[in-house]
Every structure is written in structure tokens, then in C-alpha cells.
Amino acid sequence: MDFSWRRLYNYGSSLFYVMPAMALFILFSLYPFLKNIELTFFEWDGVSPHRYFVGLGNYVSVLFAKADFWRAARNVAFLTVVGLILQNGLSLVLAVLVDRKTRGASLYRVVYFIPPMLPAIVVAFIWRWILDADFGILNQTLKNIGFGKLAMPWLGSKSTALAAVSVVNVWSSFGYAFVLFLAGLQGIPKTLYEAAKIDGANEWQLFSQITIPLLIPVMTIVSILTILGAVQSFDMIYILTRGSPAGTTEVPALLIFLEAFEYHHFGLAATMAVILGIILFVLSLIQIKLSKRLSI
Amino acid sequence: MSVYHLKNSTLKIFKHTFLILVAALCLFPLLWLISSSLKSRTGVMTDLSLVPSEFHWENYIQAWNRGELGIYLFNSFFYTAIAVFGVLFIASLAAYGFARLQFPGKEIIYYTLLLSMFVPIPASFIPIFVLLMKMHLLNTRLGYLLPLINGGLPVAIFIFRGFFESIPTDLEDAARIDGSGKWGIYWRIVLPLSKPVIAAVAIFNCLGAWKEFLLALVVFSDKHLMPVQRGLVEFQGQYSITYNLMFAGIVITIVPVLLFYALMQKNIVKGLTEGAIKA
Amino acid sequence: MMFVVCWFCCTDHVKHQNDQIVHRESLEQNQSSVPVVLLFWHYFTDRQPVFEKIAQRYYRLTGVQVDFRVYGPAGAYFSKLQAAAQAGTLPDLFCLAADIQQQHHYVEAGHFLRLDPYFDEQWANWFESRTLDPFRFREGNKYGIEPGLYGLPLDVNNVQIFYNKTLFRQAGLDPDHPPKTWKEFLEVGRKLRAAGIHPFFSDFYGNDWHTTAFWTSYALAYLGIEKFRALVAGKIKFTEPAAVKAFQKFEEMRVARMFIPGIVGYNSNRPLFEYNKVAMCFDGSWMIAVWQMNAPQFTDYSIFLPPQPEDAKYKVLIPGGAGAAFAINAKGNYIAEAVKFAKYLTNKESQVLYAKLGLNLPANRTAVLPELIGEKLALFADDQQITYNGLFDNFEPEVGYALNKAIQEVILGDKTPKEAAEEVQHVQEIVLDKALKRHKN
């Protein structure tokens, strides 16, 4: 056994760095988290002092008997993919463009972060107004430029509601990815670009050979956070559509909320949350492993 | 990337048009919010123009008084400031530990931390409430701040660790040869190099803490401890919302965050990488 | 900076004790000499000034202080209530959801005081019996709760169909004779649509109650109360022809093009009814106060009951209930005092003060004075008798949600009434099956 006091001291002093975070985490995250997992094996209405033990019953229910949960999962997968492509693509392009030498860059940077600052109630108000079937600007504009046939109740028809919600999501969240990409771009040394330019590289090559590869760690962080944000997004959906029409904009977060607070099945809600979390976690682990392989 | 001098002028036009379009899409709602806040109660719904027909500046005074925004704003400033500093300090410490230091169970602890980020807990406020009650911290500022700071930790640690790990190790090795200990490396090398990330995390947590409401409502009983979001509730009646006053209140609450962001975002682009590498 | 933080937090901790702890300590010291403070939680920001006035009066009368605290909005309030219930720190009195069955688990856990022992005849006389039904648990209710009264309403309302007289005139319809039968209703809809006016609107989006409420009104008309109760209990199926007819109503309205486009996702901010954008609106009496505030110039409207279908054996009943209601903490320290205050809060004097807000009909029928409540609200006053809330156990929430979705499909024309009924029946069977298994444990 390779034991030494020096190593123990080393470990001990290293632990100090993690200690404050762990203390808070154990109290306010781990404890509720473990209680939550415990709850998945019971049925509880949220108020009663009694709980009924159901063993794996909740898990069986969610995995095999809850079609709406999986439909909601497909919905949120759609939102996530749109988020990953549109949202992150947009933020990346914008970050690259306003990094420094653009006129008014500072102003652009401030403006692009306005959407995340607006409370959900304002966002919903504005977008409902834009997407209004009769009086919304979108439909009015379509009618004015002759595309009146395309004007439809965006939030009120099964085929377009989810797409409409995803647009609102992209709009209100791209600011976060934008800021992170900006931060990430700072980590790329100027000298690399200068050297490449001397070798005769054009803008596109600079972007694809230097920027993108060096941004991969940041992109991983951003995509994991985007996935997290999209999957856990609740406020926006709750306030815009609450799952309508006919469940086409249901997302797991909404169903978890309904299960807990309206149907009073906290055990089942906790189970859905755990299953959802595990899926996300696994996806993210895969992403992290992939990115480690790509950036070497 | 100042090396991107887009000499081609049509590309330049495209670039600026694109930037302006997106900016307009982002700015328009804010302008609309401000404009609605200056309209009369009935005008919010009927007067659709961006420029209000009459400017009801008194909405702001009314919003301030009715919403008792003075004391609430003070509380929000306090909570947000503590939360931001708390998260920055604690998370960067922890992330440095995970990124650069060794101790048993490091990865298990880290992934448990991450797992908590991924599994949403329905009604997490219930166990937190019971815990705070047992600790006699209900209705206290400390009782609110602790879970608030904790809420921002997983994401912050995740972001920090990612960025810390991508810092080239030669700088740290050089410092270690010069006799720097763990703390020295953290304080004098890693942190200064991470100014952009720190600014980003500061912004995210500022926004998160500022917007937080449910935990505050559950933990606090006394009105004078509540954050600013409580003030906005004054305009929500059971059946209808007084939109013009509420929007005025919202504008008042957005201004501090916007200012903070405007200040911070300059830090994001103030890269010091070149200086460090040259040294 | 750190010093300031520490100082703040420490002095807070010393100063601000948990309210319940204060109560308990004062109880231990000396019951008679310490002034009693009743804590009353609610989320009705617009009623706070009236509450404070009533509290002042009560203090002058009895020396008992009532501390009204607003914790809103509604969603956050119920979360706070739940946390407090878990920790055993509920206040002496607190506001309820409009339908006590939604909080049946609180009653089962023994948090709501059963008022019957305290509810003397004089007090009971202040209310119409129907007004209190949404707060009673009936004999043989499915929750196994001891039958009785567990909450009290402060104001009541009911839901009918508002119609815009101006638009009616525009379409060539008689504004003083709204439709009485279902056939007339469809005909009116067609005429309005032909005149280029959106005929009908209601909040039929998401999980909103308007959808199932409208359906329930008609299901009761076709099934009658006894059979409806059987439907809730699962003894009758949704696919039974009489129940399918209720779904059919939506189809008939769709065929007559009565719905405003996008009604199932439609939660427009733009005012519709009060700005002459739609001719009819299915909503509750509280909208009168809302329109008075948001569109004071709009007065040319009236109401009519959901029209009776010719082939319905029973009468159409309407949704109705309380706007604000409250319960007394059965585990509180000052139950006697709380009950006394509850009586004061619902007496004529307080209700008159309360009615001046104009939000709803006062619960105390002696306070329903036309000069107080205004002519529009007075139109609703007599119809409280034909509300259906409290007459039956509610559906399980999942069934309600499935019903909502199924009706939305019918409105969109993507499912036939029979298919919708089958969908809901399917969910009902699963849910009842689960409930049965739970009870066995």
C-alpha cells in the first residue's frame, strides 16, 4: 500500500477547495435529490403523512404505460434539436461577428442579451401578440405581402404550435450561448490567426481550421447546457400553450408538473423526473466523451 | 478576432444587415415593453403603436409606490450580490479542485454534482423548506441565501471546470517551479486568465438570482425581506393584471440587470491570453 | 463587506422568529393576557385593502388582531401552503382553491377544520345552500372524508354566455332575445359568421377549466345528476350515447363555424369580447369587473344561459362556485378565535364592504343588494341556484385533462365525438383501475 503522510496532506488540502461547494450541495441538493429518489418507490399526494410503497411500480408505469410521457419526450427532442442547430448556430455566428472589430459591437452585445432578461410573462405577452391569428404582426405582414394563405393560428393549430414554441425558445435563449461563445473565443490566441494569415489562409479557413476546433470544449458546454435548458424548460410552455392544442406542445417538464401539482401523484412525478434526468445525463456523458476525442 | 477584416464590401453589408435584423428582433420587445409601460390601463390593449399617444410618466411613480419597490429592490440587490459573489468564489474553487487537483473519489463527486443538475426535482422547495425549518433559518436572509447560492453551483462548476481544463498547463507548471502552491496558482494564474468565463457566470447568476421568486415566497413570511419580484405581484389581481403598471415595474427591475450586464460584457472581450502567453 | 453580510444575517436570525414559534411561546406563557394574533394567508392582492379594513373593525370590536398576508400569485401561494402543511406551520386561516375537492388531500390529512359543530343555524341562514355545496363533502364521497362543511366562500359567481348587443344588431339579430334553445344558438352562430363576425369564444386552451365546464353542463343535461355521478364513478361509460351527445355539441358548433380560429391555442392578450371582436363569450360573472376596469366604455352586453338542447331530458346546469374561499387550520392554536373571526368575516356588514369591490356576488345572501353590486352582476344573482358544483364528486384530474384534450380534438375536427369519448373512457378506465389498486393497499 503506497501510503504516505504527504499524499494524505495533499488530498486533504485539495479537498478544501471542494468543501464549501460540497457542504452546500449535500444540504440543499443531495438531500432533496436522495429524498426524491426515495419517493420514486412510493405513492404520495404531497400532503398526507402517509405514503404507499409501490416498489418499482412507478418505473414500470412510466417506462411501459405512459404513452404521453414518451410523446412529450419526442416533443422536447424536437425542441432540443431545433435549439442545438438554430440557437447555437445563431449564437456562434453572432459571437464571431461581434467579437471585436465590428462597428457598434458593444451595443450589439448588450442588445442580444435582452431576451433572456425579459420575464416569461413579458415574453409570452409579446409573442402571443406577434403570433395572434387575426391581429398579430406576423399574419398581418403575411397578408400585406400577398402570402395571406400562409397566415394561420400559429399557437392554435396542431401542426404549427410546437414550431412556434421552438421559435420563441430560440429567441429567448440564444443570448446565453452567445455570451458563452464570446467568452470561449477569448481563449483563442491571436497569434494563431496571424500566423495562419501569413501562410495565406482566407477567412473561411481561419474559421474552420482554427476557430471551430479550438471552440469544441466550449461547444460541448454550450450544447449540454442547451439540452438542459430545452428539456427542463417549463415556464415558456406553461405560459404560452400549457400543452395545447390537444397535447401537441406537451413536454416532460409540464407533465411532471401536472402529475405532481394537479394529479397529486408525487411518486410518479419524481419517477418521471429521475428517468428524464438519467436519459439527459447519459446523453451528456456521451457528448463529453465525444468532445474529448475530437479535441485531441 | 480582429484578424477578420472583411474587405469585401458586399459581405460587410450582409454582415451588418444580419446583425441589425437580429438586434431589431431583440430590441423591439424591450421598446414595446417601455412603450406599454407609459400607456394608460386601457391604452395597453387598444393603443397598438410603438409610440404611445399619451405618455403616462406617472405610471413609474405609481408602480414604485404601489409595488413598494424601494425595499424590494434593496433586498434584491443584496441577495443577488451575495449570490453572485458566493457562486463565483465557491464554484471556481471547486472547479479548480476538480480540474487540477487530486483527491479520492473526485470523479464520483463531480458526476454526482452533475447528476443533480440533470434531474429536476418536482417540488424541491418542500424538502428545502423542512430543512430550513429544522435549522431555524426560516424567514431569515441566511436561510434564503444558502439554497440560492447552492442553486447556481452545479452549472457554474460545470462551466468553470470546462474552461479551466482548457488552460495550457505550461503556465501552471512554470509557476509551480517558481514555488507557487495550489492557492497561488489558483489565485494568480487560473483566475486572471478566466476573466471572460467569470464574467459570463457572473451574468448568468445575476440574472438567475434576480429572477428567483418561488424560493423567496416559500422561505420568507415577512414582506420586508422579499425580493423585487414580490413587488410585481401587487399588479396581479385575481382576474386581471394591471399591465401598464406591471410593465413599468418590470422596466424598473430590468434596468439594474441590464446595467450590470453592460458592465460585465466588456470583461468578456478583454482577453488577457496574449499577455500571459508572451510572458 | 463580509462583516456587513454576517451582521445582517445574524440580526435577522435573532429578530425574525418563525411565526408559529411566537404563537406557541405566547400560548405557553399566559393565555389570557397575551393579545391574540390570527394569521390569515391569501393570494388575492386586489382584496387586501378590504381585508385590512375588516381586520381593523374586528380589532376595535374584540381586541383580536388579524394579520392578512398576501403571498401571490396563485401558483406560488399553493406551493407555500403545501410546504407549510408539510412542516406543520400552516397559519390560522388561509384561502382555498375555488373547489374544495381539488384540495381533498389536505382534508384527508386533517388540515381543514370541519365547521359543522360551529355552524349554528343563524350563521347557516346567511347562505343559500347551493353556495356552500362546493365546500362540502357529501355523504358517501369517494375520498372517504367525513361528510361536512370544510370551507367558506367569501364571494360567489357563475358562468354563462355573454353576448355583445352591438354585434348582434349588426348581424340582424334581436339584442333583447338571445337564443334559448340549442337550435337557435347554432342559427345565431351561422348568422353572425355570415355577417363576418366571430361568433363564439372561450378559454378552450391548455388545461383550462372552461372546456370541461361547457362539456359538463351539457353532459348533465343529457344524463341527469344520478347518471352523471355514475359516470364519474366509472359505472357508466363515456361512450354511452347520452354522454357522446355532450361531445357532439362541440362538433355542431364547429360545423356551424362558431369558433374563433385558433381557439384551442387561443390565449390572446388582445381583448376580444369587450372590443367587439367576438359576439359571444362563455365566461364567469367576474369578467364584469375586469371589463369595467379595462374597457369602461363597453356596456352594451348581456347574458344568456347555455341554451337547452331539444333532445336533452334534463335541464342544463351551469358552472359556478366561489371566487375567494377560506378554511380554518384544524391544527392551529386559536381555533375558537378563528371560528369567531370567520363568522365576522362572512357577516352582512363585512360582506357589504367586500361587495363594494364589485368583483363577484357576495356569498352572504343578505348582502346581495342591487345597489351594491351593479345591474350587470345582478343578472347573475338568481342563477346561482342552477350551478352544478358540489353536486357530484369530481373526475380524477387525469380524466379531466384527457377530456380537455379530447374536446380540443373535436373542436379541431380531428376526432369524431365518438372517438373522443372512447379516448376519455380509455383514460378513465386506467385511472380508476389504479385508484382501486391503491385503495386495496
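Which chain is which? They are A, B and C, in the order written, and residues in each are numbered from 1.
In the analysis below, contacts are C-beta pairs under 8 Å (C-beta built on N, C-alpha and C of every residue); 3 or more make two chains touch, one makes a residue touch a chain.
Note that the structure is a prediction, hence the values are computed from the model and not measured.
Shared contact partners of chain B and chain C, listed by label, are A.
Of the two interfaces, A-B and A-C, the higher number of touching C-beta pairs belongs to A-B. One inter-chain figure worth recording: chain A and chain C are separated by 35 Å, centre to centre, where each centre is the mean of the chain's CA atoms.
In this assembly, the C-alpha centroid of chain A lies 16 Å from the C-alpha centroid of chain B.
Contacts with at least two other chains are made by residues 123, 126 of chain B. Counting partner chains per residue, chain A shows two or more touched chains at residues 46, 125, 261.
The multi-chain contact residues of chain C, meaning those touching 2 or more other chains, are 79, 82, 86, 269-270. Those residues of chain A lying in contact with chain C across their complex are 43, 45-49, 52, 65, 125, 128-129, 132-135, 152-158, 161, 240-247, 258, 261-264. Residue ranges on chain C touching chain A, taken from their complex, read 78-79, 82, 85-86, 105-106, 108-109, 111, 205-208, 260-270, 277, 396-398, 401, 405-406, 408-409, 412, 414, 430, 438, 441.
The part of chain B that touches chain C in the complex is made up of residues 41-42, 45-46, 78, 82, 123, 125-126, 129-130, 133, 136-142, 145, 213-214, 217-218, 221-223, 225, 233-240.
Across the complex, chain B meets chain A through its residues 1-6, 15-16, 18-19, 22-23, 25-27, 29-30, 32-33, 89-91, 93-94, 96-98, 101-104, 109, 112-124, 126-128, 131, 146-147, 149-151, 153-155, 157-159, 162-163, 165-167, 182, 186, 196-197, 199-200, 203-204, 207, 211, 232, 243, 246-247, 250, 254, 257-258, 261-262, 265-266, 268-271, 273-274, 277. Here chain C touches chain B in the complex through residues 5, 8-9, 12-13, 16-19, 43-47, 69-74, 76-77, 79-80, 82-84, 86-87, 89, 269-271, 275, 286-287, 289-290, 293-296, 323-324, 359, going by the rule given at the top.
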